[in-house]
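Two complexes, one shared chain (chain A), two partners (chain B, chain C).
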Partner chain A sequence: MMLSLLPQLLVSGISSGMLYALIALSMTVVYRATTVVNFGHGDMVAAGAYAVFVFGLGFGFPFLVAMALAIAVLFLAGFATQRFLMQPIVAGPHLSLAMMALAVGYTIRGALRLEWGTETLNPSRPYPQDIYMFGNVVITTDDVVICGFVLLLLAALFLLLQMTPLGKVIQATFQSQRGAALVGINVPMFHALMWGGGAALGAIGGVMLSMITPLTPDLGQWTLVQGFAAMTLGGFGSLGGAVAGGILLGITEKLLGFYANTVFIEITGYLVPILVLLLRPQGLFGRRAIVRV
Partner chain B sequence: MRITQAIIAVVAMAGLATAARADSTQGITASTIMIGNMGPFSGPQSTFTPLNYGPEAYFRYINEQGGVNGHKFVTVFADDSCNEAKGIAAAKKLIYEDKVFMIMANPCSGVAMAIKPMLVQEGVPWIGASANPKISRPASPGIFHSTYTGIESGRAMASFAMGKPGTTKIALAMHSDDWAHGYCDNATDYIKGHNGEIVATTALEHGATDGTAQALQIKASGAQAVMACLYQPELIVLLRELQKYQVDVIVLGALGADFDQVIQAFPNHDYLKQRFFQPYQFKAKIGTGPLKKFHDIFVKYLTKDELPKVGEPTNFYYFGVPAAIVTVEAFRRAGPNPTRESWEKAMESLKDFDTGVLADSETFGPDKHVGVEKMYAVGLSAQGQETVYKAWGDALPDTE
Partner chain C sequence: MSRVTRRLFWLIPLVLVPVPLLLNPYQQYVVNTALLYVPVGIGFNLVVGNLGLLAFSNVAYFGLGAYTSGVLMAHLGLPWWLTVIPAGMVGGVAGSIASIPALRGVRLFYLAIMTLAFGELMRWTYIRWEVLTGGSMGMAVPTASLFGWSLDTDRRRFYAFLAIVVLIVATTDRLLRSRFGRAFLAIKDNEIAAAAMGIPTDRYIVLAFAWGGAVVGLGGAMFAISVGHLSPISFDLTELIRQFAIIMVGGLGSLTGGIIGAVIITAAPQVFTSFPGFDELVFGLLIVLVILFLPRGLASLLARAHPAFVDRYYRD
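Now for the complex of A and B:
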């Protein structure tokens, strides 16, 4: 009986993991570009979900239009955060940057609580919720939509980064910002664009998340932990690692929760970084950093 | 000389402290009674603030009738964010700066437990909506529960589930905090005491966005019913997963969730019909029959910001109001010159007092500071109608 549920747990783990992967990827984009871990990223994810709710239910836009607007708004928010809050202190200690990111996140959360703190919202899906049975494995439209959308997005990102001149510029700047500056690339603008891109990707994650879970201003809190754990597991700064880390985390959570104890579900996101940092600090796909002094 | 000064200072401070403790009319003037209304006006638990606004609406209503014995109620709100440290600071401010007569509402059990020693020491009355039964059991001077604690609610959850013929295997799905244990521990006691069996205990923590492992564990355990001691977002997550995996159980939610809002989270209610229930505190359906009066009070006396942004006042508004109703009645009985002692005596004199809201009437005594016991259950009938049940299959007349 217990083993017969393994395929179901794997499928559900992959579905949750895809979401974690998207969030970890959006955090990694910012980290690769600026070497800053955005501790406010979870709240940007939540803000993305609320933005779709506002544009959709508040202004009456169709779902896809509302989603496009939300992504645009979050892109601008991420861009502005870097430009006006991070850039002025970029020469300061790394801790200041991390604290600024954290403060921005808490400000977003506070603003969301101010408006929606007393309610739990349940945005409706723009598609029917159907269930498909494959043997004894249940797959819902949510699983299909989330996995399909994230896979499409990953494919698009891969094509952008690997196949286009813009992607080459981004990769080159990831590699060496000093080199990029020397060949005339506006690195501060690049940083701001990557913050915008990271926030926009996070907004997509928030929208996907709001399909399967009630919307509360604290949605980002849990999200940040999972994104951070997936990033650590995959290897800091590795885009492919973030995706693999997210999926592995999703599966680990389900297996530990079911076969060991459900209390492990909450702490998996904390256990994983501890184990990875102790046993393989570079993560599964990251490279060992060698600093010459 | 220094020793003499020190002795004088100590004696003076002790005198002041005694005087402060002894001032049993703090917060009362010739025309006003100052009430501290404490709750999570900010933070993740601010979904509970209707429990603060319910009593406030009633006080405004009473004030418009001229008050009680010439006194009108003046409320000082204090935000505890459902955080113990903030709660202690908020209570200190209410007691020592604002000098309130009493503190009420206070939906968060952790905060209520944290401030209880201060309340008892200072002799400040408390009447709240938090679920932890240890707040008012055993009876402490001035501390009252006019609403149901985890004991009544936990028993109601278990007894309703086990009222379904043949139901003996029960699973628990709960947060790991005091609040959830307040419900689930008492439900467990009832289940074990009535030849039932706990076949699975699963944790679903605050903020969880997925309940796959929990739903599958419940399914694998063969449970016939689930005691879901969860807040609203996580209860919705669990119900969605149980629906997804077609787990054939009845689910009893605790009072941390609003029934109507949970139902609204499911565009298709079919899975919830005769499956999802909650203990029900009221004598009629929300906003109907005797509760219509209170609906009108909420709508008239609360501001736009205090009312729900969408829809009608929900369960928590009504659940908060009995604290104000019994408080007002006790002041009425305490006469034109109330003190904390006379108010407490008046509270303890309430017997079979009908609040007009709750399923049970209020009965207090010197050793009994929880006023109500009997609860109903609410769920969707087979036809999908919100229905109040006295017991499994026994609908309250006029509520189908």
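Now for the complex of A and C:
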């Protein structure tokens, strides 16, 4: 009886894990490109979800158009944040950079709360909800849409990184910023583009998230913690690790929640970064950082 | 700066003594809140500013101190003054625990993430440990007393708070001026070089965390009786940005900065508490502006005005 539920738990774990993977991936893009962790990323994700809500229900655009607009808005927001707020202090201490990102996130969250207060919004899905049975495993349309969409995005990202000239530029800059600057790559512009790209990816995550969970201004806080957990689990800064970590986090959450205690669904995201960083700081797939004096 | 000028700082609390006579109860409450946030800012600044470590767990010490005081009063019936020391001790222990990852070599963003998770885990504990804390509904804190003298008005609490805060400011000032403060500075500048010079960096890191946590825990004990009602919402991430705003706006790594920040950040937003979200927006914008245009905070303006306000134990 207990074991017969395992496939079901794995399916729903993978489904929510795909979302964590997308969010962790969008954070990793920013981290890899600029070596700055965006502590405001969770709120950008939430802002993306709200933007779709505003464009869709407020202005009456069809869902896909609203989503495209939201992605564009978040791209600009991320770009502008890096350009006008992070770039001027980029040579400063890490503390200022972390604080700046955190402060931007709180500004967004405050603005969201000021407008929507403590209301909970339930954006409707743009597709009919359905259930498919495979033996005793239930798969919902949500699972299919989320997994399919995230896999599609991952494939697109992979192609972008591996097959296009832009991907070569990105990889070169990931490897060595100074080297990239020496061969004529505009590194500050690249940083701003990556912040924009990370925010846009995050916005997509936010849209998917808002379809399965109610939308509140505090969504960003939860998202940030889950994203961190997935990132640390997979190894900080590894793109593949972020995806693997996200999926693993989703599965772990569901398994612990069912077989151990339901409270684990709430606290896995907090426990994972603590345990991973204490026991295996490089994560599952990361390399151990060597400190040079 | 001469020793005499330093002594003049003792006049500040003396000047504050008659202040309650001029205030109405609401203003008194705001002043008390500003006062109790002074140790919160000082403790936070010690770790983040002076030691230069990105520890985000300050709200956890604050909450633990407040709940320790509240629970001891409500469940054991202890008078408030007997719960102040335990609150500080619990905060200090929590600080030492939070320093474990730092000792394991976890730094920068990694430390920030771990301590953030630690703080959130504590908030989850307040919600779940309903027997002690009343869960998300919160718990009422009994009226405080000090040696049998009831602290039932804000004016009475003001004098108790003032005494504790003066003690904390004076001892932390001594700590920062001693070899401890110099060791913190060395660790902040270059930890490996500090260790190579024979400074036991691990011990100083634990000490800074423990002292910071204890001081913040004392602030929590004051918070408990000042608001009279503890609920987990008081210790969420909005509280974290408030405390960050205190040290950033006041001035990183500056004792004066912690004090100025606490007064300004807690007194100002009382005006707009009726709009949820406004405080987060304002704190966020304030921090952005300070980082861009006044990286050393308001304390640097004071230091420019008079050398008595220069922090000798801090360098960029």
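Everything below uses one rule, namely that the second predicted complex is superposed on the first by the 290 of 293 C-alpha atoms of A that agree within 3 Å, B and C clash if a C-alpha of one lies under 4 Å from a C-alpha of the other, contacts with A are read in each partner's own complex, and residues count from 1 in each chain.
Going forward, a contact is a pair of C-beta atoms (placed from the backbone, for glycine too) under 8 Å apart; a residue touches a chain by one contact, two chains touch by 3 or more.
These numbers were taken from a predicted model, which means no experiment stands behind them.
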Answer with clash or fit: chain B and chain C placed together on chain A by superposition. clash
Examine A:Thr118 and indicate which partner it touches, taking first as chain B and second as chain C; both and neither are also allowed. both
Touch test for A:Ala103: chain B only (first), chain C only (second), both, or neither? second
Touching A:Leu6, do we find chain B (first), chain C (second), both, or neither? neither
Which of the two partners, first being chain B and second being chain C, lies in contact with A:Val187: first, second, both, or neither? neither
Based on the superposed arrangement, let me know which partner A:Val54 touches: chain B (first), chain C (second), both, or neither? neither
Between chain B (first) and chain C (second), which does A:Pro273 come into contact with in this model arrangement: first, second, both, or neither? second
Examine A:Thr140 and indicate which partner it touches, taking first as chain B and second as chain C; both and neither are also allowed. first
Could you say whether A:Leu284 touches chain B, chain C, both of them, or neither, answering first, second, both or neither? neither
Could you look at A:Val65 and tell me whether it touches chain B, chain C, both or neither (first, second, both, neither)? neither
When the two complexes are fitted on chain A, the stretch of chain C hitting chain B, from 75-83, 129-137 or 237-245: 129-137
Output the chain A positions appearing in both contact lists, the one against chain B and the one against chain C. 110, 113, 117-118, 217, 221, 263, 266
Hey, which residues of chain A end up touching chain C in the complex? 37, 39, 85, 88-89, 92-96, 98-100, 102-115, 117-118, 217, 221, 225, 228-229, 232, 236, 263, 266-267, 269-271, 273-274, 277-278, 281, 291, 293
Chain A residues touching chain B - in the complex, by the definition given at the top: 1-2, 5, 8-9, 12-13, 16, 110, 113, 117-120, 122, 124, 129, 131, 138, 140, 209, 212-214, 216-219, 221-223, 253-254, 257-258, 261-263, 265-266
Touching residues of chain C toward chain A in the complex: what are they? 48, 52, 54, 100-101, 104-106, 108-110, 112-114, 116-118, 120-121, 124, 128, 192, 236-237, 241, 244, 248, 252, 275-288, 291-292, 295
Report the residues of chain B in contact with chain A in the complex, numbered from low to high. 42-44, 46-47, 49-50, 176, 202-205, 207-210, 212-214, 216-217, 220, 232-233, 236-237, 240, 244-246, 261, 264-265, 267-268, 308-310
